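Take a look at the structures below.
The two complexes that follow have subunit A in common; it is paired with subunit B in the first and with subunit C in the second.
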Partner chain A sequence: MITLVVALAVGAALFGIGLYGALSQTNLVMIMMGVEVMLGGAMVNLVAFWRFLHPEVFSGQMFVLVVMTVMALEMAVGFGIGTSRFRSVGSVEMEEARELKG
Partner chain B sequence: MTVAALAILGPLAVAAAILLLRRGAAALAVTGSSLGLLAAGFTLARVAGGARYEATLPGLPEFPLRLVADPLTATLSTVVAVVGALVMLYAVGYMGEEHDKPRFYAGMSFFVAAMQALVLAGDWVLLLGAWELIGLSSYLLIGFWYEREGVASAATRAFLYTRTADLGLYAGIFVLVTQAGTTEISETLQTGGAAALVAGLLLLVAAASKSAQTPLSGWLQDAMAGPTPVSALLHSATLVAAGAILMIRTSPLLPQGVLLVAGLLGGITILVSGLTAVAESDLKRLLAASTSSQYGFMLLAVGAGSPVAAALHLAAHATIKSSLFLGAGIFQHARGSTGFDDLGGVGRDRRLVFYGFVISGLALAGVPPLSGFFSKDAIIAASFDSPYAALFGPLALAGTLLTGAYVARAVRLLWRGEGRSESVSGARWMGAALAALVALAATLGLALGPLASLLASELPEGLLGAALGLLAGLAGLALGWFVPAGRLLGPAREVVGRGFRIGGGFDGLVARPALALGRAADTFDRGIHAVAIAVGQGTMDVALALRITDERGIDGLIAALVRGTRNLGGRARGLQSGLVHKELVLAVVGGAAILVFAAAAALGA
Partner chain C sequence: MTVQTVLQTFFLAFFGLAAIWFAVVVFRTSSMVRSALALLFSQTAIGAMFLAMQAEFLGVLQIMMMATEMAIMAIFMVMYMMDPGGLGEMDMTHQKRLSQVAGVVGAVAALVVAFFAGWGPVAGSAPGAFEQTRLLGLEIMERSMLIFETAGVTILTAMIAATATAIAVREVRKRGEGE
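Coming up: the complex of A and B.
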């Protein structure tokens, strides 16, 4: 039987793994994958709260849909940047991208 | 009193009318002065009949203007009016071919009006005003030919001389009025004691400069630069007479000390100016010196305690001197000059004028039965009667001698010698006025007795004085006729001829020390100026230093602030590595911190 705690634990685990991935990787694609995993964790949380606490309202589902839309947009923008950078520099290694240095 | 006031208002209104209309100036002026003469004569007749007039006109608050017609003022007013009217008549001929006649006639009429106001004034304020007005109008008239060389400076000189000494009048009046508490002349004359002494001396200074007494006489001869009618008026009845009139009218006030000073001043002037006249080489300047000498006689009479003798000599001298000047003016027109070098023999060319001149000259020298004999006799007798007879008597006799000498010299120089005379236009007008004045000069002696009794006083008489005076006059005439001036004065002639310029004259005694004083003051002033500049400069330097430190301080503060901010900015910049994962770490740390704070806040709540 899956309980709220289990679901939250899975969400937290996902979030932590994603965070680690986003912080530890230097490749743009890998970082974005980490961010996706973090968002996935957040969505698990949202679904768990909806399912176990307020199954009668739809706002939880709506939040998840919004987050999924945001994920898709993020992917589009992120990969757009990655593609253009790869075309101009030939690499998506973020350690080499220091143009934003203040 | 209205009639008496007409003596002032007639000429005054005419002066205004001339300035407004700017035509018919001569006719208007003659009408105005004739009107004044009628008014003055009528007033004198009424006063002689025992009437006394006084009028108070509204003037300044607390200072009403008073007019007085008593025997003395009425007599003097008549003298002024007679001379004024006849000189105006003469001017019709004399000024016939001049330009700018309205200015001349307006000035002359104004001059007569101001003098009438001065004579008839019963109040110091009015007298002072009139005194200033005659000074002003004499300045304007002496400078009438202002475009000629030296005329403007002569007018300025006359004005400044008389004006400077007017301070005496102001101060004297101030003393009198503060002592008496009123500005009415007759009441202030009751003042006694030290105030009377001080005021008397101050008034004497003013009178001495107006009447050209010795130390202050230089301006009078320069004043000859004006037209001859102006000289005639100025010397006989107006400007110069004002000084003597002031002394005559204030004589009740004067204590013995002032009388002695006045008499001595007059006596010295008689001698100095008489000698100057003997040495002069110009007819008008000779007459000018003689005027100053004759006013010396009047001051001598006042000093000797006989103002009546002075007043009568004033009247007699007015007719004599104006007729002499009128004659001189005709000679001047005939020869175009007044120097004796140019006038030689002019008497033979214009005999009638010359005879008139001689009659007036003899009257001046005191030959009986002409008017000068009586008035001068009275003065000689008065000076022998006075407490200072030993001093005044010889002075008067010496003056009479000198008078005879210069009259005879002038007559001789006019008669002898050669020259070519031109015809004189307007001679008829000039001749008529001259004849009338000569007739007056000759016959006024008969009227002096009645006039003296009208003035409530007896003329001083003395057989000894009369005899001595006559002898001195005749001796002087003989001396002047037979002995040339060069031999008469010997080596002193040079000095005398230049108007007693001993030690550089006025120039050396007054002007140069004054200039030196001025220069010393200037140097001193420059020193003070330099010190002031230095102090200012020092203050400026201190201020500049303060400003610099101020600016440095503030600038430094601002620079330090900027440096600090930049430093801080540099450090903050270090955070911006540009590395994505570092940024991410920062974001995570920031997010975690926010979460922790939010959780703490939620738990705390």
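Coming up: the complex of A and C.
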């Protein structure tokens, strides 16, 4: 049981650090880094649940593959928006992107 | 507690602390390249945790994917940042107090659940690496086929959307309107 709790505690800490990063940073790339850390924490939890609770069911590992896909997609779309902002405004600072509110 | 469990707990805690430490460094350093490298080390430590939990396929996949992803991220950061080397000591943060409170509350809530939830009996062993990969392949190709296909289509959509967003907008001038 202690091994499971250690893994879940690491996941919780990573989630908290990522949340702090995503909320506190003003730069688009740094915000994406915060989201990546949060997703990393979620993946640690998923693998821990698979390994220590249901190693015979592989939907847990499948879920991790989906999270990895989400990480790659978030990067691709984020950098697409970043490139567009940099071309039009010359900066990826999100405090200068208030017009994106709509 | 067997020797294997002790070793597994030790390596999980070791790589977990490394992942947490490098995740903190990501937001503490002013240099963008250091920040990207710290995130790479954090994600690699997470991959090592997967290996410690006997998820060999996912561990290797995580390390390979993150090495590529962070290398690309470092290039973009140097391209887009006003002060990529961090020599100007620019402050690129806002609403710090709120963010700290949100981060601590999120982590503490997850920790409370981790420590006090009744997780039931813990499994002693996992299938071997070869068997795991075979069973994951069967899971993908049978029960989770629809999810896997959806992920594939989503990747294609995101690729098109990212490319379309990043392409420079050029004004289409009508013939005869000059340069």
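FYI, the second predicted complex is superposed on the first by the 98 of 102 C-alpha atoms of A that agree within 3 Å, B and C clash if a C-alpha of one lies under 4 Å from a C-alpha of the other, contacts with A are read in each partner's own complex, and residues count from 1 in each chain.
What we mean here is this: a residue touches a chain if its C-beta (ideal position, glycine included) is under 8 Å from a C-beta of that chain, and two chains touch if they have at least 3 such contacts.
Keep in mind it's a predicted model, so treat the numbers as computed, not measured.
Student: Superposed on subunit A, are subunit B and subunit C clashing or fitting side by side?
Tutor: Superposition check on subunit A shows subunit B and subunit C fit without a clash.
Student: Tell me the contact category for A:A7 with respect to subunit B and subunit C: first, second, both or neither.
Tutor: It touches subunit C, and subunit B stays clear.
Student: Once the structures are superposed on A, label A:F86 by its partner contacts, choosing first (subunit B), second (subunit C), both or neither.
Tutor: The second partner, subunit C, only.
Student: Please indicate which partner A:E99 is in contact with in the superposed arrangement: first for subunit B, second for subunit C, both, or neither.
Tutor: In the superposition, A:E99 touches subunit B alone.
Student: Give one of first, second, both or neither to describe whether A:L19 is in contact with subunit B, with subunit C, with both, or with none.
Tutor: both
Student: Compare subunit B and subunit C by how many residues of subunit A each one touches, and report the one with more.
Tutor: C
Student: First (subunit B), second (subunit C), both or neither: which does A:I31 touch?
Tutor: Only subunit B; A:I31 stays clear of subunit C.
Student: Please give the nearest C-alpha separation between subunit B and subunit C in the three-chain superposition, to the whole Å.
Tutor: So the smallest C-alpha to C-alpha spacing between these two chains is 8 Å.
Student: Name the residues of subunit A shared by its contacts with subunit B and its contacts with subunit C.
Tutor: Common interface on subunit A, subunit B vs subunit C: 19, 23-26, 28, 95.
Student: Can you name the residues of subunit A that touch subunit B in the complex?
Tutor: Residues in contact with subunit B: 19, 22-26, 28, 31, 94-95, 97-102.
Student: Which residues of subunit C touch subunit A once you look at their complex with the stated criterion?
Tutor: By the definition above, subunit C touches subunit A via 5, 8-9, 12-13, 16-17, 19-20, 23-24, 26-27, 32, 35-36, 39, 42-43, 46, 49-50, 53-55, 57-58, 61-62, 65, 69, 72-73, 76-77, 79-82, 92-96, 98-100, 102-104, 106-108, 110-111, 113-115, 119-120, 122-123, 125-127, 132, 135-136, 138-140, 143-144, 147-148, 151, 154-155, 158-159, 161-166, 168.
Student: Under the stated contact criterion, what part of subunit A meets subunit C in this complex?
Tutor: Within the complex, subunit A touches subunit C at residues 1-21, 23-30, 32-34, 36-37, 40, 43-44, 47-48, 50-56, 58-59, 61-62, 64-66, 68-69, 71-73, 75-77, 79-84, 86-87, 91-93, 95.
Student: Quick check: in the complex, which residue numbers of subunit B touch subunit A?
Tutor: Per the touch definition, subunit B meets subunit A at residues 572-573, 575-581, 584-585, 588.
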